[in-house]
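Given below, in the form of structure tokens, are the structures.
Shared chain: subunit A. Partners: subunit B in the first complex, subunit C in the second.
Let's look at the complex of A and B:
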């Protein structure tokens, strides 16, 4: 209603007096000054009306350049046969849905990449959020030096670049001389004379999970800790007086208060763990040499980027974005009731 | 938060975006303008005040700095122009080339890996130098395999600079202790390996990895090949009985004769060299340029390593991939004649010879190569023999770059070595995947 009123005053300079409450303000002021003609009033109106948009323009331009334009380009690319040659010459042939058909009919996608990604991401998210929360609770109980020490240790795990971290895990599990491989052999879980851990799908992903969770839990711990510090002391005391033990206090007081925090860390972890690339690619066989351990990231790299097929790569990127959007929307919907959104 | 998680992918995505923006920006412009050479390919170019930008791969020559100082002095003396050499690591070189091709920021001249030349030529990034090479009377002087790899649709886009070939590098002290001689047939290879294993069970006699180049020598050694050209299209031939025989033998070295270790099935060539340098392996298939770096990594091995050509099935030599580098002139070169005089200076005569000596690679001209083969250095001569008598090439088509990108051969070897498929099944799958890319 009010929007329609504003629009009508803008296009009809002769009748500002008939406008609704939004349009009514400037004419009142003009009457006060008493010198504005109808046309000048209209100019003034137009500027007032556009001011928010004018102020937002820089932000829109930045967003448009950084987000919208690349997105449009990626979508366009996904409908083209675009390789190195097209990159140099600048012309690309439209191929309709060919790229999408190729992606969606790839046996490796359905039998290997997708299941690997889904299971791996689910396990990693649960472990990352679970361990992160437990560590946050621990941190919340600690004080002084011990807390600083633990925080520093956690930050160190977080600060290690993914590449360095991955190589450390690879060395620890080296098939011939790795320390942890030795431990596993000692307890009789593997036989290095006949097995290479990295060629076994389960072991490969178990090691990758360790790596990813180790690198990801500090973020959750620190974020949840920040949330924990905002839980009102009175609530906890009241619950304690009512006879609630620590477990009950966590599930019935802390958790509901922290729901938004959990929502954020879970969504972020899900997105990160879905897109894991470095940690898989750098592991022995993870660069595509072992087809069993491909995930969406490495599969798309090997089948598109590694072969300079950028159109195909763009199609994969579009599908992955849609998938992540869907996951996020479904997750948010189930987490919050309609009115809370 | 997680700045590096998935950064490679993010990087690739960003790259893609950059490409597309740039491609859109250049789209429609006259990217067809041909970079033209002057009439006389032998003429001395004077170009005072100009600078020639050159990319050279890092690490080929451990002492490249002083070498290029000499080159720069000679180049400036001859042409009056400055030389700006940038060193690019092999690992990221392909990405850097693609990036700069997309952005139109390629150097004037660059060292290009032989398997990339046809790919960049196909993309229209390199200049055809056939006329220059003929004009300077250099046609026929370069090593044949390298010329073949640098030729795309009848034009020479990469001038052979240096070449390398793989042979078997072995521990002379270990062989001596076990009382064995370098094998000359496949049967002997197994016997030698078995004896070494009995003599020292801790040492891996012959690690079998999933790396493509060491493996291919055994396919070629059995008389097989990767693919054959039929008219215009390539067809994969890994399903041939010869390829099966070679593959079966190679993987059986690990699975049947136990001359390897399960860990080796995920090793790339660098990991093979590491294992050898650490004293864990007795023999590895390795490049002519590697003994130097192995000794550098472990000086204790000085005087304890030797080389012998990869044996053929019943004697003779098994062909080995002839790799190396070309020098290419890019379309963006401002002064193509100046660029050509640099290419000529580097690929012939004194500097080519010096580069070969310092890097452990062989010069790209036949004359210099023969000279080296005749000098009887135990760590050089076997490689020179291998290169002269049994150098093999892979399909010269940009499509083979895609096959490498898709990791078809390593994936096949990995699944055979971890006994998930038989050699025959693995070869069949790999063959199908290759044919899909070849479009045949």
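Let's look at the complex of A and C:
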């Protein structure tokens, strides 16, 4: 369908868009519905107008009760002094912005939790999308058994649950029995007699990055590969005849065609990498024992569930959500400017 | 001619190198998991990744003393219920936003996308309090509803693309042949969107099977632990029982992996492309 057709129907709220081969064309629509009698046509239109809402209702109920309401609740909670006593009693005292003041004036936010969230997410997204795209390009060059084999391996990487994957990386970097610790020591990067990798903030997050990228690149690779297969062969051949090398072909032919695909994988990777929780929480010290490696997610959880400061935890959660929303809005604005969703 | 051959050989070499690197990187953790799970000296502290022998003792320990059969049952029940519920709800919603141009369409799309941004962790606290009030703590159903909610936005968003990719001409042909909208939905749209449903079902399954925080927070009764939480018992103050951890991890990972690889073809080969070309 052409973009023009989509645009013209976007402003036309009546009836289903896809009623004619090019939706917004009134004469065609009347020709199609012309085979019905007048009364049936009116009925049909009423049903058609209600149908999208009918289809959306079940999903909306679930989303409303389990996502929207808790979202409101977490905000109200962040203005309350909600501790163990309130958990038993039920009602809680409003304390205004106290929780936010506490969080925003905490050294832990500016020097620990915020960098641990932002820098970590940025590095992970760049690496995940970069590696995923390279792997997709590689897969696109391969055929037959080799391609199936590699796809299977990538699926295997994708299938590892975050929990078990994290345990494997912890094991590999374990001070006593870690294979990769041994490699690092052999190369001379680490001395296990004096350092434990997991207590060093930088190493801790390097390991977490490896874990998150390994977990995330298959999704990017498979999605981009699916997009690559839709790039018209004629376009590539024409570019090749015009003398464009593989690098030029990627940046001037493939990348523009795949822009929406890249937008989606980047948005989703960003969302996922901002709220990494399990991979951090399960690592040694990640559950709050080592305050230096807390990120916004684990800090919020530890404050609420570990120290029974539900109001404070909610305030941190609200801040994390606002941060994510800000990033999303920037993405959405660029997306909606580019094309009709 | 020879220059072209040389270029081809060089290309082949690069491809082979890339193949090996990606292959090793992808399967290394699984390999380590499996080899440690069957290694009799897994807990001896050697830095090996190759097993020194073969034993099933770790698996026996995990299933007998680790109570893993119960955890497996809990996880399977929760995951299947989540997949069923979220597939149905997501397909309906996806058709609504992909096939109809109604007044609130763009706001609805924005809402779904925005809702997905909300970090699960941000909602643990209110959902924990809500579940406590409703008596849904220590109930598998409590986990199912939460997982359905969290897998829905992604499923709707993904299915939307699959629905939009089905040629409208097919629907029109069905309408001209006198099919009602629901007949069209089940006979035309549903089969063509099936690959998309497979993809989103996998996603929902993984959400439920892998989820950790809610499973940890909602369940205090150890008989209701899911597998992801059940693993934690092998970490004690005296260090980890790595053999047991990896055996348990393998039990969690391998079924999902087989399932994944089995549906891989459906995921990657677009059935839809075939439908429109033919």
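Quick notes on this one:
As a convention for this text, the second predicted complex is superposed on the first by the 264 of 341 C-alpha atoms of A that agree within 3 Å, B and C clash if a C-alpha of one lies under 4 Å from a C-alpha of the other, contacts with A are read in each partner's own complex, and residues count from 1 in each chain.
In this section, a contact is a pair of C-beta atoms (placed from the backbone, for glycine too) under 8 Å apart; a residue touches a chain by one contact, two chains touch by 3 or more.
Because the structure is a prediction, the values reported are computed rather than measured.
By the touch criterion defined above, A:87 lies against subunit B and subunit C together after alignment on the C-alpha atoms of chain A.
Contacts of A:275 after superposition: both subunit B and subunit C are touched. In the superposition on chain A, contact of A:70 is made with both subunit B and subunit C. In the superposition on chain A, no contact is made by A:330 with either subunit B or subunit C.
Taking subunit A as the reference, the larger set of touched residues comes from C, when subunit B and subunit C are compared. In the superposition on chain A, contact is made by A:153 with subunit C only, not with subunit B.
Judged by the touch definition given at the top, the superposed model places A:310 against both subunit B and subunit C. When the shared chain is aligned, subunit B comes close enough to touch A:285, but subunit C does not. Looking at the shared chain after the overlay, A:302 reaches subunit B, while subunit C stays out of its contact range. By the touch criterion stated above, A:167 is placed in contact with subunit C alone, subunit B being left untouched.
Residues 69-70, 73-74, 77, 87, 161-163, 174, 176, 268, 275, 277-278, 281, 297, 300-301, 305, 310, 313-314, 317 of subunit A contact both subunit B in one complex and subunit C in the other. Of all the residues in subunit A, the ones that touch subunit B in their complex are 69-70, 73-74, 76-77, 82-92, 161-163, 174-176, 192-196, 198-200, 212, 215-216, 219, 268, 272, 275-279, 281, 284-285, 287-292, 297, 300-303, 305-310, 313-314, 317. Subunit B meets subunit A in the complex at residues 1-2, 4-10, 12-13, 16-17, 19-24, 26-29, 31, 98, 101-102, 119-120, 122-125, 210, 261-263, 265-267, 280, 398, 401-402, 405-407, 410-411, 413-415, 417-418, 420, 437. Residues of subunit A that touch subunit C in their complex: 1, 9-10, 12-13, 15-18, 20-21, 23, 32, 47-49, 51-53, 55-56, 58-60, 62-63, 65-71, 73-74, 77, 87, 134-135, 138, 141-142, 146, 149-165, 167-169, 171-172, 174, 176-179, 181-182, 214, 218, 222, 225-226, 229, 268, 271, 274-275, 277-278, 281-282, 297, 300-301, 304-305, 310, 313-314, 317-318, 320-321, 324-325, 328, 332, 341.
Listed in rising order, the residues of subunit C touching subunit A in the complex are 15, 18-19, 22-23, 25-27, 29-30, 32-33, 36, 43-49, 88-90, 92-93, 95-97, 99-103, 105-106, 108-110, 112-130, 132, 145-146, 148-150, 152-154, 156, 168-169, 171-172, 175-176, 181, 206, 209-210, 212-213, 217, 228, 231, 239-240, 242, 245-246, 248-249, 252-253, 256-257, 259-261, 264, 267-268, 270, 273.
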